[in-house]
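Structures are listed in the sections that come next.
Same chain, two partners: chain A is paired with chain B first, then with chain C.
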Partner chain A sequence: MKTAKISTYAIAFLIILSLNFLLPRMMPGDPLTAICGEEALVEMTPELRTELMHRFALDEPLRKQFFVYLAGIVRGDLGYSYYYNAPVLEVVLEALPWTLLLLGSSLILSTLLSIIMGIESGWRRGRNSDKSLLTATMVMNGFPNFFIGIILLLLFGVYLGFLPLQGAKTPYSGLSGLNLLLDIARHLVLPLTALTLSQIPSSYLLMRNTMITTLKEPFVLTAKAKGLSEASVRYKHAGRNAILPIVTTTGVRVGIIVTGALFIEMIFSYPGVGLLIYNSLFMRDYPILQGAFFIVTVFVIVANFVVDSLYAKIDPRIGIDGVEHAH
Partner chain B sequence: MHINYWKELKKNTFGKVGLAMLISVVIIAGSSPLLARYDPGEPSHSALKPPSIEHWLGTNDVGQDIWSRLVYGARNTLLVALGVGLFTTLISTVAGASAALVGGLYERIIMRMVDALIAIPAFIVIILVAAYVLPNVWTLIFLISILTWQGGARIVRAQTLSLKERMHVYAARTFGANKLYISTQHIIPDLGPILFAVFIHSATRGVFMEAGLAFLGIADISTSSWGLMMHHALRFYYLDVWKWWLLPTGLALSVTIMAFVFIGHAFETAMDPRLRVMEREDWQC
Partner chain C sequence: MLEIKGLEVNYGKRRILHGINLTLKRGESLSIVGESGGGKTTLGLSIMGLVEGTVRGEILFDGKNLALLPEKELRKIRWNRIAMVFQNVENALNPLYTALEQVSEPIVAHKIGNRDEAKKRAEELLNMVNLREERFYAYPHQLSGGEKQRVLIAMALANDPDLVILDEPTTALDALTKVEIINLIRNVCNKRELTILLLTHDLSAASMLSDRMAVLYAGRILEFGPTPALLSNPRHPYTRGLLRCYPCMTTTKDLQGIRGRMDFFDTGCPFYPRCTQSIGICREETPRLEENDGRFIACHRGGIIPLLEVRNMSKSFDSLKAVDSIDLTLYEGETLALVGETGSGKTTTAKTIIGLFEATEGQIFLEGKRILDHGRDKNFYRKVQMVFQNPMESLSHRLSVQEAVREPLDIQKQGDRAQRESRVRRILEEVELPSTEIFLNKYPHQLSQGEAQRVAIARALILNPKLLIADEPTSSLDASTQAKVVKLLLNLQEKRGISMLFITHNLALARKISDRLAVMLRGNIVEEGPSSEVVSSPLHPYTEDLLKAAPTLNSNVPVMHASVPEVISKKNEGTGTGCHYASRCIKATGVCFNEKPRLRLCSSHKVACLNL
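Here is the complex of A and B:
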């Protein structure tokens, strides 16, 4: 029943679409302001007003407005930002690569680190090294991601001055080639560290748990009995089988990490979609807020869908009808 | 269910530390009128002052006493924790338990809804909605709850399905007990531990989300919110004020979240490990 899964994601998409459509139109006050942002009021002439009212079909019934809105989405028209004086899609797409860089590297790094930490910790269950790692991670789990970012900002801003605190590259530096890459990497260090630190605890706890359960399975005993090396039992046999929950939660983790990136980008003024959303909140630039929101949520839904479709292939024990994994 | 959870919680180090931290925050919140030395909302002419006998943690940019704001912030945080915890658990229970008990098309619709909501990044949606609605504490509790009940509902449904098949429920059924009797006499009481776990989990998420929203500047400025304090303090991070303004506030928030995380972890270690909530579902989403 593949259709069940597709319909789930279709519903998710529909919820996002209707939220994005209804929110600005349901608010008390002028819907045109809620759609175009407060910056648009500065340039608002009666002629422009009539034109915009007509463009968004605001003088028509809601159903007609929805079709006009849908047609816009299909054409890739997410509106126009009067603050940036550019189409929303253009502004968001310009910020997107930085967010993808931060997100992607943090997702890979936090996954790898928590898998290794979880395997080692689970293997040494109850020993001092496991206990201290568990305690340290539990404490870190109590720190909200933005506070981790702030601590790093203060630490490097006040005491350790060797890493850039803001932006994604040095402005007007004229760097190119390898130097430009190094500059980008240096700017990435602090946001990436903050985001990764905030992602590790939950994945580590999950990995450690699964590892402990897996180690009790008969096949691990078989592997040990065959006289395989400890490292081989730990990683190739137990670890490899314990990895599954980490893989299956990747979709959810993408959603969490996107939210985390929003805060981290704001703290380090990293020019991604998160900073864009924060600035649009501040400027009441509703078109950007909506456009960035739309792109980000659709990205997360697609990521969930892809992961969901892939892991049935990785582990045939998981049903593809979307019911099996509901327990 | 032959586990004495309270005993188990006190045996576990995380449980003990978590309880101690939570009790401290509750005491601070309860006695904030005594602990605070100024009205937390009262501005004064002495702005950005370092700590002194008069102002234990100095003053902020509009001359409000930071210590008093910090102490009153505990109230706001615990109110959100309690509100989101209770309301989310209520929605999760009603949706999850009824889906499992009624079954059929109703169950399929509810669970399809749950699956769809799980794929949506709830916090981002809350940010968008809050940007338009500009919620006060109560609307915020409502908003967070109606957008984050799905994970709990899934867990409650799974647990109800498993309880339905237990021997004593079968026994009751053979004696002629009807659905209503079984639900109220057997299933709902036995859901207790899992509901507590869902409550702790939702409360943690509520605290984090309220603080996060306020940190982004989406908050009722008349409340003493720790997230809002951090939002204002971050603008002055290059001055020395972060030592008594930004850091203590962030630590207070972290200690509160940590208390919930520790209690949840200890509680779930005592529970059937297969039912773990916290480790399946991150409180950050």
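Here is the complex of A and C:
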């Protein structure tokens, strides 16, 4: 595809790599502590210290260190967590699927819901249904996501007891097959709802806004004049055009939703990357933190890249070369 | 098929259409013309039932009142019976679907055919509108303006409608594409017996695509009639204004605008603030669209009024008939150029009209009232003024600029001294002269030729006359000064609606300034008609010669039909028998020497020649 786009992403990736390399080395105190975590200090013997210094090339100039670091990344070596006593990559990858499940489903769900709500609301602009939806969304927009999470947790988990309070599945239940899936789904409901609800307002407002603008476009009049059904005018003609900005902003939203997921995972003790980061922060497990940050940023970049490619598919005006065609 | 009765459309408190009545028979094509913002598109959309505002009145389509039809019923009529070719603006087509998808969509949506049938039909239609096959699957942004217009037309024809509303189908197109699209529309109409409602400000498209024409202004129809008649002989001042500002190859007069800008009024004629012939009633009462001579006009004054009518006027000096029973009509706000060689009687005509000579016979009417030879009072001169050829002679050398320009006000006893002086300053500014004390106190000999002529024009215009008789007003000026004076006169005409009788021997100049031309030969008018017609297809050999002799920048000296005037046959001189041009005319036959030709209508204009 588009070389210009790809190089942009490559540059972003390089910057992240460098930051990830530089930050621990710029932290006050011993870089070894920053790289290996405080847990490592407990077992630190002079021999181990020398070995580690050598391993991370900390006694070498910065340039050499960078190449050693790059070589490690290529090998898939993100360091070693002395707390978990496992390679960082392993630990992060274990948590990643849960985060992907939560993030992915929330992203899809919130996007779909806000598109539909935005289309319907924009179509009924100024009517009561539009006004009430708008007010409700604005109110919801005022609550931070963890607040929504806590309320949901209290309401459905504690008082009503419908849904599990924490975790991603019932531990040691030995469930398998469909039952396991159902169990996972039951655990997913509350964090997913909390995360989705917090994501909806901004995209809904954007969608409603673009819908209102799109409804003024001449082709909407053309569609009406053609005697098409209202649903066709609303979705096929106006809606389809109005979703374009939503799709563009999805890339940005991935970054925001990752932050959101961090809080939600903490509240629901959902065993994803967010919870992992939170725990590692307490433990000062720097290797995990760096590894998790690295993986998450890579994930955000990839997601942006996918959205960009998708955009070219849904808007014919954005050509293969990724440049908008002039008339 | 379509009958609109008393249609009113309001957007909030703003009334966009006022009591529109129109009928459209099957197979007929009607154009609605007028400036943007006049309500053309609103009219089209109200027929489709798509107008946002409130609609009152009846829109009868095959007897059904579309204004009252529920949305569900309307949806069945849309595109199946009435389709619209939307104005080809950015995004008239949905940017996300291919041409073919958009053309086939209504066929599927109205269940006329399934997807495959719709696709086939859409392909046929796109072929018919000459869209190249590889463009069928193109998205709108990949199509040129002309191609998009073709798609819009094909789309409108998808469900084989009876009535097609075309909204500015040619506006965004270049000249060649425009002609192609017009041809295409004409072919389609002939093949399918379509009824067409064309909404456009493009008069040339309207002339090629419609049988009848309605002029819409600020939500009201001001003039309505057969298209060719309306365009060749506009009767409403607004229609004439539209034609005057429309650049086209068949007009020779310089472009003139319409003063002011459009405004919507609930009462009174909507055009009155911009109209140069409006009177009190125009402001108070809305004129009704009334039939008059095969034309519907909404004007309290019955359309453009004839300001000056000269009937059968003659002027003899002893035995010499300087003017030989001529007829002239000069309409409000119009320029009639009187051309002809020296001694043809142009100046005598002018001087007889203004009363410097007494007519030997005939009548003169000003605004419909007969002017008697001794009846030219102050009132007459308030309305009629004259500018002479030589400003140095026509301005008294004993009067300063201030006094000369102010004199008519002194004579008419208008206003006090201070008012008169401020009017002098204003009129001087209007003719683009300084109004400083120094200039006001100058005497004619201190002025340049151009300045002096402007002072003479200012003097003539200070009374705000309706008719200005200008006798060779620029022939003593150099070309650049002449250009300025001519532009000034045209601007004043646009602003004040002054009618001008412009006397000149310069045809090249006459065609730029006049709406109509009258060619004089030895006291007779031998050819008369719209300037562009007379200039482009002269009928009289004399006019042909005058045209050949008119200034060009070719190095070739023109060859005349006529022989040199010295061999004018004595027997024709002054006797009045035979054609006055016969002796100089290479086309002349025996009869030309014996019978005097009468002025008669021949194609687009009047001519007096026996050989036609």
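Convention: the second predicted complex is superposed on the first by the 308 of 327 C-alpha atoms of A that agree within 3 Å, B and C clash if a C-alpha of one lies under 4 Å from a C-alpha of the other, contacts with A are read in each partner's own complex, and residues count from 1 in each chain.
In this section, a contact is a pair of C-beta atoms (placed from the backbone, for glycine too) under 8 Å apart; a residue touches a chain by one contact, two chains touch by 3 or more.
Everything numeric here is computed off the predicted structure, so don't read it as measured data.
Partners chain B and chain C fit side by side in the overlay (superposition on chain A).
One geometric descriptor of the composite model is the angle centred on chain A: between the Cα centres of chain B and chain C it reads 70 degrees, in steps of 10. Touch criterion met: A:139 reaches chain B, while chain C stays clear of it. Contact with chain C, but none with chain B, is seen for A:217 once the two complexes are overlaid on the shared chain.
In the superposition on chain A, no contact is made by A:79 with either chain B or chain C. Between chain B and chain C, B touches the greater number of residues of chain A. Contacts of A:291 after superposition on the shared chain: neither chain B nor chain C is touched. Touch criterion met: A:227 reaches chain C, while chain B stays clear of it.
In the superposition on chain A, contact is made by A:237 with chain C only, not with chain B. In the overlay built on the shared chain, the residue A:118 is in contact with neither chain B nor chain C.
Once both complexes are placed on a shared chain A, the shortest Cα to Cα gap between chain B and chain C comes to 17 Å. According to the touch criterion, the shared surface of chain A, contacted by chain B in one complex and chain C in the other, consists of residues 327.
The part of chain A that touches chain C in the complex is made up of residues 217-219, 221-229, 232, 237, 240-241, 314-317, 325, 327. Of all residues in chain B, only 14, 111-125, 127-129, 131-133, 154, 157-158, 161, 208, 211-212, 215-218, 230, 234, 237-238, 242, 246-247, 250, 253-255, 257-259, 261-262, 265, 273, 276, 278-282, 284-285 touch chain A in the complex they form. In the complex of the two chains, the chain A residues touching chain B come out as 4, 7-9, 11-12, 15-16, 19-20, 23-24, 27, 34, 138-139, 141-147, 150-151, 153-154, 157-158, 198, 202, 205-206, 209, 213, 245, 249, 251-253, 255-256, 258-260, 262-263, 266-267, 277-278, 281-282, 289-290, 293, 296-297, 300-301, 304-305, 322-323, 326-327. Contact residues of chain C toward chain A in the complex are 45, 48, 50, 74-80, 83-84, 86-87, 89-96, 105-106, 109-110, 139, 141-142, 155.
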